[in-house]
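In order of appearance the chains are A, B, C and D, and numbering begins at 1 in each one.
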C-alpha cells in the first residue's frame, strides 16, 4: 500500500537546500519518491517576489534529474514571526500496511494558460479537471475525504498583458497585483466545482465578485514563474497506510481559532498524535471590518493587504499551535468565507 | 470613594472625535473627570508617524479647556486586523461605595528632558520618581497591586540631536529610530526600579544592552510630540470602588498566550465579568528566533520590525480575546522578557 | 490693478505654521488677501496619508476666520530629496501698476460630488465649469494664457463606496487607490475641456482608458478630506500687475528635462529673473518603459508607483532647478502625455 | 595590446541571462575573456535583497566553467525609473593597436574577512592592498589615471554576529543594515588610501564617523553572498588600446549635475563619442538637508533612506544622460562628499 512521508525543514534563506540534502544523505528522504515540495519563502509574496523562483531554482539544481514529477509550490511571505521552511512529501510503498485510512497525496501539473484565460471560466474548468485527476491518483473517491488542495497558479505581468493585447485578446485585468487575485480565485472555484462545493453555474459568475461562493479546502497561491497550475490533493484514503493523518477546519474570519482548536482535538494532537504541519489561508477580506471593527488593511498604501493578513492570522494560529513554522499563504479569494480561510492540519499518530 | 470609569471608543480616522463627543453629549463621559486618554492610531508607529500628533490635536481641540490635566498617550500602529480606538479614563467620586478593591488610576506628567538625557540614568530616575508619585495619587501603596504602567516618552530627531551637539552635549544615539528604543527602555527600567522589580544598580547599566532586566508591568511608547513623560499607573486599590478590575500577565515570547488565558480566567471573563480593554506590548526581540525557529523581522528592510511584531502578537491576542479592538504597542525594550511583553486586562464585573 | 504675491515657506513638519505666522507678524503676508495655499506634505501621498488633513487643520487653526475663501491644496509625498513646503498666494490691489501682463490667479470651490460621480462625465462637467469660472475671476479670457490649473479632488474610501452601494449606486471602482486615479483623471479632462485642449466627445470616453487625451496645464491631486474640488487657475493677464510671471512646459516622459530648461530660458531665469516656484506632475506611466527601457515602478509591491515617480522626476527637476523645494505631485492621469506631465514655473522679474 | 570591451545588456528579471547568451551565441561576447560583470538588480538593495544572489547564481549557471576568474558585482535597487541591466567587461588582445590611451581594467578577489574585521582597519588594509594589485593588473601606475574602483564587500547578518560572539569577538555593530554602511565605508577608505586620496592616519579613525575623508573614485556595495571583496579598477592606460575611454566627476550633493555635464563634455559625448555606461553613487547624506533645505530620507520609517537616494539621484542623472539604464548604487559612505558621490562615465569614441 502507498504511504505518505512528510518532512518539515526550516530554511536559512530562499536558496538554502542544506537541510534537504542532509535528509537525503542520511537516507531519510528518497528523492525518487518525492511528489511535492511546498515552501514558504521570505519575499513579499506579491508581484515582485523573486524568492519563490530562487527557491525553485535551488531545489531543482539540488535534486537534478529527480526534479521530474515533483510539484513545487513556493509561496512567498513569512511576515511577523513566521518561520521560512519547506515541506517535502514522498510516496513510499509498504509491504506491511500500517493503520489505514491514512494521509494520501495525488499531484497533477496542468497545461499552460494563455494570459487571457487567467481569471475566467477556462481556468475554473482546467483546474476542476486537474483536481479530479489528482483525487484519482490519490485513491480518494469521496470529496468528503479531501482535506486540502494546494494549487500554484499563474499571474499576469505587464509583458504578458501586452502579448495578449498584441493578439487582440483582452486579459481580465491589466493590474498585475489584481491578476493574482483573479487567478487564485478562479483556481479555488475550480476546486469547489471538483469537490461538489459549488456548481459551475454558481462558480463561473462569482469569480472575484461574489465571496459567498467558496471552497473549504482550497489553498491557492500565484507566482510569476509558471503559466500552468501545480495541483496537490491531500486527504484520507482507505488504500493508503502509515502514521500520518489529515483533517481540516474553516476559519470564518481572521481570528476564528475555535474550529482550528476543534480540529486539533479531533486529531488527538498532544494526546496520541503530534502536529506535523499546519497550512492555512489568510486574507484581509472585502468588508474592511472584523466582527464589526474597522481595520486598515485595505487602505494601507505602505504595506500590501495580504502581508498584513498573513502576519495577523499567522499570529493567531502560531499562538494555538505553539510554533511559528506554519504555512500561511495570502490571498484567499473564494477560499473559505470572506475574511476567513481553510486550515489543514497533518498529524502523526504516536500510538501504533 | 473614587471610582474609575472607562470607555473604549472605536475611531474612523486619527482625528475622529465624534464618538467621544457623542458620549459627552449623552452624559456618559464627564470631560472634567477625564484623567487619561490612551489611543491606538493608524500610522506606522515609528519616526514619521504624524497620526499620533494629529489625534492629540483633535482631542485637545474637542475638549478645549478640559484638556488640562488629561494625560494623552497616543500609540501608533494598528497593523494586521487591529482596530484603531481610544480608551478614555475618568475618575469619579461616589457616595455609595461599590465593590472594593477596584481599578485605581494615577497619572503624572514629568518635566521635559534635554535631548542628551534620553536613554540615560537621568531618564530612569525621572521616570521612577514619576511612577512613585502616580502610585500615591492612585492610592496603591504596594507595588504588587500595580498591574499596568503606561508611559509616553520622548525621542530624538535630527534637529534635537543637532541642538544638543551645538552645546557640546552628546546624545545616546544619532539614529532617530534607535533613540525610540533607548527612550522606551530607560522609561521601562524606571518603572522596574519604582516597582522594586530591579535595583538601580542593575537597571542603569542595562539600558538597551541587557534584556534580562525588565519590568512586568511597563508599557512605554515614544512620540515626537513631547520631550517629557506622561505616566499613567493602574492597579487595584482598597480605597477605590466600582465594577472595574485589572490584572496582568507576562508573555514570555510572541506566541505565549497561556498566561493571558490564565489572567482572563482569574478575572472570570466570560463567567461573571466582561473584557473591557486589553493592553499589550509586542516586540521582535533580539535573538532572531521564536522557540528556536528563525524569523525575518530583524532583517526586513521593507517593513520595520516593530510593525511586524504588532501584527503578529496582535493576531495571537485577538484570537483568544475574540476581538480586534485591543491596544498593542510596539517596542518592548525591558518590558517583559526578550521577545515577550506584559499584557494588562481590564474587566467589568457583571455580578452586583 | 490686482497683483499676485507669492511666498514659498519651508516647513519642519506637516503642522508647522511657524513660518507662515512669522511672515504674517512681519507684515509680509496679509491673511485677508490670501486666496490659495498649496503645499507638499511628507506623507505617502496615497490613501492613508493623514499629513494632508493635518496640515489643513493646522493652517486653518492658525488663520482662524481668515481661512474663509482660501483654497487649500495639500499634496502628499516628498520622496527622495524633495523638501516639504507651502506656497501662499495673495491677491493685492495696487494704485500704481507695475509691469503688465503679470501672474493672475483665480480660485473656485465646487459643490461636493456624490461617491458615484467620481470618475465620470459628471466630474468632467463640474470641473470644466469651475475652471471657466476661475478663469473669469483671474481676468484671463484666452485659454492660451492659462499656464497652470491646480485641482484638489476627492477619492473613494471603503465607507463611501458602501454608502453609495446602500443607495444602489455603483461607484466607478471599489479600490480606494484606483479611485484616486479616476478622480485625478476626470478632473484633468475637465481642465482639458475648459481650455479647449479636448472636446467633451473625446474626453468623456477617455477617462483612465485613453492616455492620449490630456491637458498640458492640469495638475490634480486627490485627498480624503473633501468631496468637492478646490480649483486654482494661474496664468498671464493684461489686467494684472506685479513682478511675477508664469510659463509652463510639458515633459514628454519622466526624464524629458529639455522643455523645462527651455521654459526657464523663456522666463530669463538666472539672467533677469529668479525662480520663485516650480510645480510639476510625475507619474509612472502605463507602458512599463521609459524610452524603451523597462522600469519596475508598476510591479513593485513594496513601494507605490506614484512614490517612485515623484522621487525620480523630482530628482530630474531638482537637478536643473538647483534646489529641492519644488512642488512635485504624483498621479498625472490625463495630465501631459503618458509618463510625462506639465511643469509650471513662476518667476520674479528682477529688472524693474 | 589589451583592449577592453563592454556590453550593456538590459534584463527582464534578476535571473534573466537570455541577453548575455544571445551575445555569446552571436560571437559578440567571448566568455573566456570576461573579467567582470556588474549589474543592477531590482531588489531593495538592503539586507533582505535576494535578487543579487539570484542573479549571480543565474549568471554562474549560464557561464559554467567560464565563471572562474570573473568578478561579479551585483548591486540591488533600481528605484524610480531606473532600468535593471548588467555590464559585461572583457579583456581582449589585439595585434593592431587602436587609440591609446584607452580604458583599462584590473580585477582582484580578496580573502574572506572574519565578521569582526568588517568596518575596521583590517578591512581598509585588505582593500588597499587589493586595489594596488588590481591597478598593476590594469597597467595603471598613476593613481590620477584611475577613474573608477567598484567593490562588492561583505555585511553582517544576525548569524554572523552570533558566530563571532561565540568566539568572544565583538563585531563593529550588531545591526545588519548598519553593518553594510561600515563595510562600504571601510572599503571606500581602502580605495582612498590606495589612490593617495587619504593617509592611513586620516582614514582609520574616520570609518563612518568623519564624512570629510573620502575617495572620489570608489563605488562600494555590500551583499550577503560573500565574505571577501571583489575589486574592479578602471582607468586610462597607455598600454591598452580600443575605442573605449573613461572619466569621472564628483557630485558635491544629490543634485550637483554640473560636474557630470562637464565630464560628458570632456569625453565629447554627443560630438565624437557616445555614452556607453554611467556608474554613480547615491546617498541620503548625514545632515538631513540639501543646500539648506530639509529632506525626509533619514526619518522615513516606510522606505529605506538609500532607496530614496537612488531614485532621486537616479532621476537627476537620467535626465542629463537621456536614458534610464544607468548604474546607480546606494550607500556612499566615504565615497565623495557627504550627500554626494563619484560618477564614472565610459564612452566609445566614434571617430577612428
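Rule of thumb we're sticking to: a residue touches a chain if its C-beta (ideal position, glycine included) is under 8 Å from a C-beta of that chain, and two chains touch if they have at least 3 such contacts.
According to UniProt, the chain labels map to these proteins: A, B, C, D = Cyanuric acid amidohydrolase.
From a predicted model like this one, the values you see are computed outputs, not experimental measurements.
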Selected interface, B-D versus C-D, where C-beta contact pairs are more numerous = C-D
What is the chain whose Cα centroid lies farthest from the Cα centroid of subunit B?
-> D
Geometric centre distance via CA averages, subunit D-subunit C, whole Å | 39
Can you give the whole-Å distance between the Cα centres of subunit B and subunit D?
-> 46
Touching at least 2 other chains, the residues of subunit D are 12, 42, 44, 48, 159, 296, 302
Which positions of subunit A touch subunit C when the two form their complex?
-> 44, 46-49, 157-159, 176-177, 287-288, 296, 298-302, 304
Which bits of subunit D are touching subunit C when the two form their complex?
-> 10, 12, 42, 44, 78-84, 254-255, 257, 290-291, 293-297, 302-303, 307-309, 311-320, 322-325
Within the complex, which stretch of subunit D touches subunit A?
-> 12-15, 42-43, 48, 50-51, 53-54, 57-58, 61, 159, 302
